[in-house]
């Protein structure tokens, strides 16, 4: 894999930094975020790896992973990060880039009746749509 | 050997008559076939009495401790003697510039006991070495036998038949074909504790403390030996097995890492105690634990008990 | 004269050992030495012992006093040998050595320990059939196959041993073991005499090369204290104690104490004039400072001082020192230049 | 004078040479911590394990010790930097030599005990005593007087 | 007969509960040489001690044993008691019947028997105690500092400020050392020259400091308080007094040689000062490259020197000086990279060591501070820094961490980015070690503010690719093998000991560790002292160090030296080895095992059988001996004995304790 300054400082990297307001260079890869994450077992790229990918400018891999969707923004990682990096904010930025810039929708209204159980509060559905769709 | 004998006489004559040395130490012959002994010659006219024969076993270099030459002393060194000389040098007991060394390549010397054991000694007048054979002379005639069959066992395992140091070599280097020298040690190591104890107790029980093993040893060169010192008296004079054991342990321990394995201690012991095996146990252990070391030959290496490595094997049980 | 066949020897040893401690020339690791016989020991009647049998009468170390010191009082207890013993197989030269030791230890003041042991021991001598290469007992007018000082004289005649008591003690011993002895036939008895004659005819005749004419030696040596020979001779001496400890006539000893806390014992032990500290004084002074004086002392003691005092040489020609001296300071040779 | 073998059940005598800076202090710590070990062990204080001569060890055996322990600082921690390294070589060779002569190797032991290892001191002394008790009295180098 | 007293302490109930005091006292009274045995509740108390004192007088005791707690506790107390009663304090022995007896045993019978044995041993030892006296050793109140880097300068200044004369010996023509080569210093980014040169000047002008530049220590004899050093002042060929430092000579000199100071990145003349701020500001002639000395032609410098200072006939000068203390501050070298072919160092001009990079950054360096690629003088856009080149590498380099590379690499990143904000820095690291005040923060700034991409892993290969360098590496965090196109590669090369450190160690009689760094007397408690008393260590000659550490160790060494120099006399512990010359054979095995070089050989003359003979024997320097006793065991006949622990004493203890 070739690493260049262009990759490292590509516009999308800058955009993520802008949206999240975070400097990914702040992370020193201790892995506490991953260790604390309640849903790390089902993520394909672990939370600390998300930051490492960003440090290396490997954005595309992140835009294609399930991690950013599995992240429930519970903020455990952010709360425990010794470097004060707001990882949920970065996850959000990645999602937003997909949703806003690329017109991606994570969920479609048609599938809701099948996946939602009856007790699910409507408010959750509404917020899911707000979070996961354009 | 004849030739070597002549060269010894020439070397002795030359160095004495030129005034280069004031004394030559070599060997002379006694009336009995096995009697070859150290000779101290100051008169060039007497050098013709020097000999070299298969019984010139005495190590001459330890005599340097007693002599205080104004000029130099010349002496003859076999391979084993040269190692001993180097050890004396290392221990600061001789001054190199005070000696003139003539090296003698030696492929082995004859053990009179082996001649006696074969019955060849009866009426024997003289033994000479001719190439690989010994010629036994009797009134009635002569007999021949392969020389190596009569060599001291220490000679058969000799690893330095050619002197490692000398000022002039007399004679051509001889080939070195040593037998395994640790065979007996290994055999004992393989025996049980009790067998070993019985073996050594039996041997040590014969010890009469004549101190010949110490006195002949080129590594035992203390001005006053610990065993002779009265205050504090380490070694008592009673015939106690514990004291005898103390003597033999301490003697061997004091030459550990310094013993040149010349085998003189065992050769000289009148009671046939296999003393060299004690020394060899130390040599074998040192080689195994701290790397091969040949006292008297490895002059660039530090003596194993006077150095250490931080990752030496541990002694803790 | 009695005899005993060799098949009966094992039984014979057992019987003797039952009477008293039996010292025999036993072979171990190729070395023959006198030691108390035990069943299974290897008896060697062919070779003389390496260490002379003087150590049976005059052990290398023997404790003779025990003491206990308290805050104020000192308690002493003397010890002396109690055990009867038979010393079998002593060669005539070594028997002669006891005559020399007797001069030292039995003349006034008498040495109690030695005297007691001489009383307790019965001496059985074994005549020599053939002199060894380094033997020169005839130089001192000894007979290789006959020891007048022995209680019993024994000869090895091949198939059997001839046995002849020569003293009261010898008769007593003979009586005790009579059951195993047979009467020797006259021609058998005669063979002992012929053995005596052939061996006494001279060691040279028997193939021995060591013949040493000691005639007038004592006179020759007188006044030779400062001759140059000593200067030449001593160089090769290693200063070990082989010659003195293997000598049947050397008898010098040291007195030492061993203590353990308030208790202790005093013992005497062999010492050797070859050792530097033999004459070392507490002050640090040493009247025999070098090996030269020590070597001279040994030879002059044996061949001049002792005969001057006691009328006989302190050497019996056993040849042990000749054989075992690592540098061949051969007593038969080194005196030659003086003569 | 007796052979110094006491009457009754066998109680071994263990002589321990301890270096002043580590092992002797470790022994002190065992005391301060009121740890226990058998009274069979008697300690001789020396400045350094490199100051313990084979003469002393053999002497102890001659005079009736059934076991001898030399204890020093851990290799690398010598108060005098290198003493125990020399000691390590000397004693390993001696140990193997005594074994070669038929002495039970357990009778002569070397341990590295630091000043902070009071528990180790007590444990080593207890273990050694038990091992030697099991071996029985040493008669091999002992003076019989 | 000796008159020994035994005093058994109850230690309240500490001893008395487990040990039968009366039985012990009675047994002690019967021991050989004991004329008095008593006991008391607290022997160490005032009353206890006065009981001892009065017993000494009443019973005419000439030595005594106290059976009490550990000698490590109260030996010194009872020694004072002895002294107060007029006895030599070394005639006291302690039997430890508390820590080694009453506290560790439960059975009263056993503990009592053992206590008796321990006292018996102490009595046996005491009977052989001799009076010992501390010796006084005069001190020469001058210090020698070897090495004129920041460590040496600091040590010299501190010692001189305390009022002692200091000679500062520097091998090169100027003091300053490696620090003078540096551009900025971490973590403050102070200009190195700005903080160093005032110190250099101060050292040069200090009335108590004498500088010996272009000089080497050739020999050191003597011992603590009394060293005698031989210093060779190499011929400078320029008169120090006459030269004004005007610089005409080196301007005119026609010979050009690679500059050592600039790490061979620039040329200097045959007559030169290593760098503009050199102290002294007096050139030297490098005779190996000077035309006058090689071809006997030229002589321009002599002709042009307005002060007539150039002197081709000058010769080396050898000085003998006496010192009380020596500070060694000889610094470090940079590892030779011959074995590290994968980095293309030496094959491509854009691959540099950190020290070379430092010179390029430096405004007084070969490029005047312009950071340009050496190959084509263009500004670098991508620079790869590789850490641990040869450090932590036990196969080809050094197994230890060079300690300063993480920090200076961060500094290099920052300095580089300051010059080229748009450029990118990459740093390959194995671990980041930033233990130090403000260090971690500094490192994080390089990462976060200056955007350096730190890649955990190493570079496997650096090779030219067009006019670039292709660096193949790995980011082990993400698991990616990487390729980076770089304009420059900077190698954080390992620090190693000076290649001639072992020779200097031999000369000084101090020891080196396996990497040839000088050994401290104790890694924790005596980190600035060498084994040999009176010799102190400062800076990287003892192990990798940064500037503040070097300076503080230098001040520590100086303080130790000052303590020594401020004494009129040294008192030595009397428990040292002594040689019985009549027993000594002269094998000198003792010298080999002595950790303090306290034993030397000497020749004595003696009369043997009327002849005067010379022979060598060992001699113990009581000032250097620390009393370990290792020599005593190496001595076969027992000619060396440790006072207070003689062979005879230990043997007596063994005999007594075994009863």
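Labels for the chains are A, B, C, D and E, by order of writing; each one numbers its residues from 1.
As a working rule, a contact is a pair of C-beta atoms (placed from the backbone, for glycine too) under 8 Å apart; a residue touches a chain by one contact, two chains touch by 3 or more.
Keep in mind it's a predicted model, so treat the numbers as computed, not measured.
Minimum number of contact steps separating chain A from chain D: 2. If you take chain A and chain E together, no chain is in touch with both.
The chain pair with more C-beta contacts between its two chains, of B-E and B-C, is B-C. Comparing per-chain C-alpha centres with the mean over every protein C-alpha atom, the closest match is chain D. Distance from the chain C centre to the chain E centre is 69 Å, each centre being the mean of its Cα atoms.
For the pair chain D and chain E, the distance between C-alpha centroids works out to 35 Å.
If you average the CA atoms of chain A and of chain C, the two centres end up 108 Å from each other.
Averaging C-alpha coordinates per chain places the centre of chain A 86 Å away from that of chain B.
Listed for chain A are no residues, as none touches two or more other chains.
Among all residues of chain E, those that touch two or more other chains are 593, 634, 638, 647, 651, 655, 659. Residue positions 63, 258, 260, 290 of chain C are each in touch with at least two other chains. Contact between chains, as defined at the top, is found for A-E, B-C, B-D, B-E, C-D, C-E, D-E.
If you check the complex, the residues on chain B that touch chain C are 30-32, 35-40, 58, 62-63, 66-67, 121-123, 202-203, 206, 208-212, 214-216, 228, 230, 236-240, 268, 270-272. On chain D, the positions that touch chain B within their shared complex are 54-55, 58-59, 61-62, 75-76, 82, 85-86, 88-106, 109-112, 140-145.
If you check the complex, the residues on chain E that touch chain C are 29-30, 32, 120, 609, 655-656, 659. The touching residues of chain B, when paired with chain E in their complex, are 68, 90-93, 221-226, 229, 231-232, 234, 254, 302-303, 305-307, 310. Against chain E, in their complex, chain A makes its touches with residues 1-5, 8-9, 23, 25-26, 28-29, 49, 52-53, 55-56, 58.
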